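Letters A, B, C, D, E, F, G and H mark the chains in the order given here, with residues in each chain numbered from 1 onward.
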Amino acid sequence: MPEIILADSKTIEQNLAIAATIIDHDGRAILSRVSPALLTALHQHFPDQVNASSSGSTVIIRGSQQTQQQGDLSGGYVGILTAGTSDVPAAEEAAMLCTELGCHVQVACDVGVAGLHRLHEPLTAMLHEQPVDVLIVVAGMDGALPSVVAGLVDVPVIGLPTSTGYGMGGDGNAALLSMLQSCVPGLAVVNIDNGIGAGALAACIANRAAAARGSR
Amino acid sequence: MPEIILADSKTIEQNLAIAATIIDHDGRAILSRVSPALLTALHQHFPDQVNASSSGSTVIIRGSQQTQQQGDLSGGYVGILTAGTSDVPAAEEAAMLCTELGCHVQVACDVGVAGLHRLHEPLTAMLHEQPVDVLIVVAGMDGALPSVVAGLVDVPVIGLPTSTGYGMGGDGNAALLSMLQSCVPGLAVVNIDNGIGAGALAACIANRAAAARGSR
Amino acid sequence: MPEIILADSKTIEQNLAIAATIIDHDGRAILSRVSPALLTALHQHFPDQVNASSSGSTVIIRGSQQTQQQGDLSGGYVGILTAGTSDVPAAEEAAMLCTELGCHVQVACDVGVAGLHRLHEPLTAMLHEQPVDVLIVVAGMDGALPSVVAGLVDVPVIGLPTSTGYGMGGDGNAALLSMLQSCVPGLAVVNIDNGIGAGALAACIANRAAAARGSR
Amino acid sequence: MPEIILADSKTIEQNLAIAATIIDHDGRAILSRVSPALLTALHQHFPDQVNASSSGSTVIIRGSQQTQQQGDLSGGYVGILTAGTSDVPAAEEAAMLCTELGCHVQVACDVGVAGLHRLHEPLTAMLHEQPVDVLIVVAGMDGALPSVVAGLVDVPVIGLPTSTGYGMGGDGNAALLSMLQSCVPGLAVVNIDNGIGAGALAACIANRAAAARGSR
Amino acid sequence: MPEIILADSKTIEQNLAIAATIIDHDGRAILSRVSPALLTALHQHFPDQVNASSSGSTVIIRGSQQTQQQGDLSGGYVGILTAGTSDVPAAEEAAMLCTELGCHVQVACDVGVAGLHRLHEPLTAMLHEQPVDVLIVVAGMDGALPSVVAGLVDVPVIGLPTSTGYGMGGDGNAALLSMLQSCVPGLAVVNIDNGIGAGALAACIANRAAAARGSR
Amino acid sequence: MPEIILADSKTIEQNLAIAATIIDHDGRAILSRVSPALLTALHQHFPDQVNASSSGSTVIIRGSQQTQQQGDLSGGYVGILTAGTSDVPAAEEAAMLCTELGCHVQVACDVGVAGLHRLHEPLTAMLHEQPVDVLIVVAGMDGALPSVVAGLVDVPVIGLPTSTGYGMGGDGNAALLSMLQSCVPGLAVVNIDNGIGAGALAACIANRAAAARGSR
Amino acid sequence: MPEIILADSKTIEQNLAIAATIIDHDGRAILSRVSPALLTALHQHFPDQVNASSSGSTVIIRGSQQTQQQGDLSGGYVGILTAGTSDVPAAEEAAMLCTELGCHVQVACDVGVAGLHRLHEPLTAMLHEQPVDVLIVVAGMDGALPSVVAGLVDVPVIGLPTSTGYGMGGDGNAALLSMLQSCVPGLAVVNIDNGIGAGALAACIANRAAAARGSR
Amino acid sequence: MPEIILADSKTIEQNLAIAATIIDHDGRAILSRVSPALLTALHQHFPDQVNASSSGSTVIIRGSQQTQQQGDLSGGYVGILTAGTSDVPAAEEAAMLCTELGCHVQVACDVGVAGLHRLHEPLTAMLHEQPVDVLIVVAGMDGALPSVVAGLVDVPVIGLPTSTGYGMGGDGNAALLSMLQSCVPGLAVVNIDNGIGAGALAACIANRAAAARGSR
């Protein structure tokens, strides 16, 4: 598992220095919780090397000669479902890390419990067309979708709560607590908006399954 | 709406005295959160007048001559769904009050999101065979069922969280917060284990709808 | 119940796209928690179609040909009371949705427990002159008004806490908890500042009562 | 202000020893939060000297020769209102201390917001027949009564929350927070179930007012 | 007790309108939690009538002809102590209201428990030179000073916690909880930063004592 | 994944009935959070069929003819580490479920951060002698061990907090929060004392890896 | 620092086995949070070897031949102050450990802020007659004493909050938060009722100071 | 221990005035939580006298003639370890104060549990090459490092949690709670980001040890 730089508690100067060191050492640096100001600075210091998520909060920087080796496919399969549009940035963060770690990633958005009929088709595809090794289910507000999905499948499910919501239980707290209290056994969770953590675990599970398959 | 005696913060002597006063005045007393010791005392003081829920926590006591008038059917219809077996006592408390207030009550238990396929049949019956005026959806732990149901129906839905669960978010807190954060607009909630409150509101809604129907 | 777009956890681009899709499909889109920047963008993209609340946080956008059908009166009656001036935006959000869903809405503001004598006249009008099917009672700070009102009426009461207040229990938490603990049975609540949720439930109750009346 | 022994965090032996010391020194000991076991022990060690509240949790013990001087009337007037029957023990604790400190005490119970019409008569008596110097308003659950009363009077009001209630905000937390957020300026509070504290402050205010009157 | 406008949850327009109405009716308006923008607007709309605290958050506006009658001395005496310099704005808010309500106010700042030796002299003056009827003790962070003072005096003490502090228990929460848990009976509290509330209660107590003295 | 009966929120009668139904249907029932009274009842109703954990809280009951098929080895490998002796019951609950689901389980106890030197040997065995597919790391109090272990290995790690501890952050809350905040990406958690949940997820991961290996 | 057995999260059998192992290895075992049942069992298994605190919650067991070496004086000096009688058990737990680790311990009880005049004499003795190397200040409820003491001395002060108190902030939470927010820099704290932790740190500081003195 | 000005709850004018007074009195002023605006003002008012930490939040200002005496070495040794780069500002704040109070300070950063192998070398140096009298261990997020270090050393350890982290338990709360729950006895903590407090206590301990050594 590569080291991931949690950018938002460090100064721009610290982030640039740490990223440079890691690129020298590993050929690649991954940063999460990147501010717009830091993103600008990264583009300036590492021109043509920066790969940012659409929200800009997750960034992968490659050293020139390492590009080819990185990103080789591992053969692991990860499925990601989001309850709503607001959950997309966290899902994208997870997807970006899984892809970087070599996984095939399938994503389906806006399939939450307010419109459960939208869940059937993408979930069927993930389970049967190109079966995934692990599912990440992303939800804010009521956090109900991961429990619903975990009740329907027999692959490992990781609940990823997001900070969508307001009032009591807002900022993702209701979603996280609801997932911790899931009535379906076997649902594990990561912290609110921790797409990187969910992606890291999912990739670890998927890639080990792929390795087992590959050891044939 | 009849006055309801919250028994558990009063002494047995206080409860007996208040119940007697209300029976004299209204011909009926309703007590919630009744302890086993109080239930025994109520049976002793009001022989053959005590109607208790199976858990014993909700009790209706009737004065002799008032029995007939009470409980006449109002024509309101209430549906109650529970996520699990643990939610039955709260559901029963709500059902008992709705029945006492004249409503037809349909109950379906153990249809939570861990086994969503069990939801379809009873929900269809409540919506189409004998259409209900209002639904109470009871759930502890993840509290996900009310959001799921509210996304499927167009009758008013009242979420009733129960104190099932453990660890962080236990004692019904995750369930309540999840319902407060429901991604489906229009779900209202009562406090944890407040079956009486959910029943009172449901009966009020159902009986007013019945009165409107009856005013033809 | 129409889908309602929770705008504040989405980007402006996402909101515009979702609104356009819903207008195409339903002839109308409703957005809540709209930022000033989003409101400006909505006016630009949907000229002459935007109907915003005075605070600008709730917006209804109509497709051109659908205007006439939408907003037909359903015959439902909703009353809204606010404890203070600070509670007006949440009340307005609820009123706007109820009106959109066809209800007659009566509103009385600033009738909280600091000046209870102001409550009598508007409440009497709502109960007797043009009887409402349901009451929404909006209060921040101590959240006491819904309990007081629920003790005086026999129509369904929905408590809507607002984020008015400061210090411990501020941000609407004391108001919400106080409503959850109401000593009057049958008061249901929605989350803090969730005027849309209160309005959706009230309209649902009122319109079903109106339909029952209309089925004569 | 006499020292008051908080009994429930001390052993029976410690309480007996401290009480004996204080009786020797001051001619009187006051204990709060007395357990039944301690009450029995106090009766055994101080026969015919123990004056306990009806709940037994507050106890005053007098040394023999001091009985006459203690309890002389100070001329201060204290009014106590409770929202419900469950609030009586805390009210009684406050009343007992105020009486011991020489005040006239008027008490009216069960005048909470679920039945506000019951408030008018006793409150009028406290304000006009025998005007009180200070009011203690006791309430659990929603904690709404102190705000209502404070909006009606111009004497100092002390809010005394009680641990009545259940679910979220139970154990008196909603009541305390609601009082802290009172929309009526000038309402001060003590901690949950702290009848002794409310009584001590009320007696201090009333007796100083009486002294000012007496200094004529 | 005059009505006090909680400004920060209202728009500037609402505040101006409410202030004008109250000035017309009462000859004076009092606003708390005034923002700099509102303060500017108040100066513009009520030129030469605005009296603001040095922090600008509390404002008194007088109608022209009413100036003389308002602010007449009542004869009540209020003492205010602050633990630190950071507590001065809340103290000033309380002092300004007490003065407006006719009280003599003595203030001593920066006498907290980190330098308890500074407490003796001002406290002695308040108790013996010009005895106060009531003390407001203002403290943030550890909130220890009110308990210390209440253990030394026999006048009513009102604890006023402030939002000074950081980390766990910051924003005044530790201070408020510590005061609620005071080991000295008879300490009442108001909410965090609620200088207006503390001042209102203190003035009420002091002015009633003065009236009693004056009734000689 | 078999259904697991959460026993502690149900009556003994309900548990017996549900267990009987599931045994009839699946040939086996699994109960968690079993009370001593329920355990006794289970032994009476299902003589010679009850397999209980040493703490008695987890119970597996087999129908007679199904015994042989159940418990066949799946080929999955699970490692379980506990920080202290107090964490053993939760670990045992997880181990019992993993074993029931066919996994090989290795357990090492009392290897927490207070004596980190004890961690090396068992962890080396789990990684290299008989490599595990997944690790469950159980810890109460400071909850530090899962982060330490996750920093040392490249297999999936599930953090299982236990309710060991006292004072602020006790009951497992500090442990859970610390794991949610792990500085090592990819650590997922289940709720406090949820050994069943950790075991269910671990078995799911391990058995799928075994299946992939077995698909050679 | 010797290992200390946290007894209350282990079974009696586990505690006996661990204690025996540690006695064999170190010649002495220390247990904290010992239940009465465990204390009885310890007396039975280790007759004449058990040294228990007066509350019985802390126990030291010595192997026969090790008795002489253990408890040799280290030359370190520790002072312990308690706010009230209720704080004595935690103080005793700390004192017992410090004594066991070789320190001279001075204790003064019931010198809290409700009677600050009682503090001067014992504190003077600890600072000047037999100067201590470190002070432990024990307080529940408002937790004010450690801040007061830390403002008066220049030795290290350890705040030890106790679970005395009730209502909001009870169970020692207000005391702990108040100490964390101390306005006096340099006050460190341990968790609520963690007398063992406070004693361990105090002994470590005092014994190292003594060693430095002894290195002359 | 010098007085330290907590700057962030005071106005710039207040801070300048207090700093000037303290410099006059003590020859030196120390300010913590200094804002950039205040730092600019300090440089303007005290040219060439300001010594700021690299983050600018901690500032020491010396009066001209006092410079030489201040900062003389006391002979105390303090070691500081940080888990990550984000913890450096708090560590620097502590180091700056310890240095100002005369201590030798050794600092090693980024040795947290995600890469425990980095801990060995600096910790060995602090324990054996130039043995420290006390260790400050700084960590945010999971807060695990202080427990790990305290399990390895026999010098006093002060845990300093920082506000690094996000989601549930963020803002340093998980780190603080984890340290309060440390399974290693004798770890004391200060509040989140309270580098000044940790430094003050460490310097106090180290300088007293140095004085004891120096008293040879």
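Here, contacts are C-beta pairs under 8 Å (C-beta built on N, C-alpha and C of every residue); 3 or more make two chains touch, one makes a residue touch a chain.
Computed from a predicted structure; not experimentally measured.
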Most remote chain relative to subunit C, going by C-alpha centroids?
G
Between subunit F and subunit H, the Cα-mean centres are separated in Å by 42
In angstrom, rounded to a whole number, how far apart do the mean CA points of subunit D and subunit G lie?
36
For subunit E, which residues are shared contacts with two or more other chains?
6, 84, 114, 165, 167-169, 173, 176, 180-183, 191
Full enumeration of touching chain pairs:
A-B, A-C, A-F, A-H, B-C, B-D, B-F, C-D, C-E, D-E, D-G, E-G, E-H, F-G, F-H, G-H
Under the touch definition given earlier, write down the residues of subunit A that touch subunit H in their complex.
3, 6, 8-10, 14, 18, 33, 161, 163, 172-173, 176, 191-194
Partner subunit C, residues of subunit A touching it in the complex:
84-86, 114, 140, 164-169
Residue set of subunit E touching subunit D in the complex reads 1, 4, 6, 133, 154-156, 158, 176, 180-183, 185-191, 196-198, 200-201, 204-205, 208-210, 212-213, 215-216
Per the contact definition, I'd like the list of subunit B residues that touch subunit A in the complex.
83-84, 112-116, 140-144, 147-148, 151-152, 165, 167-170, 173-175, 177-184
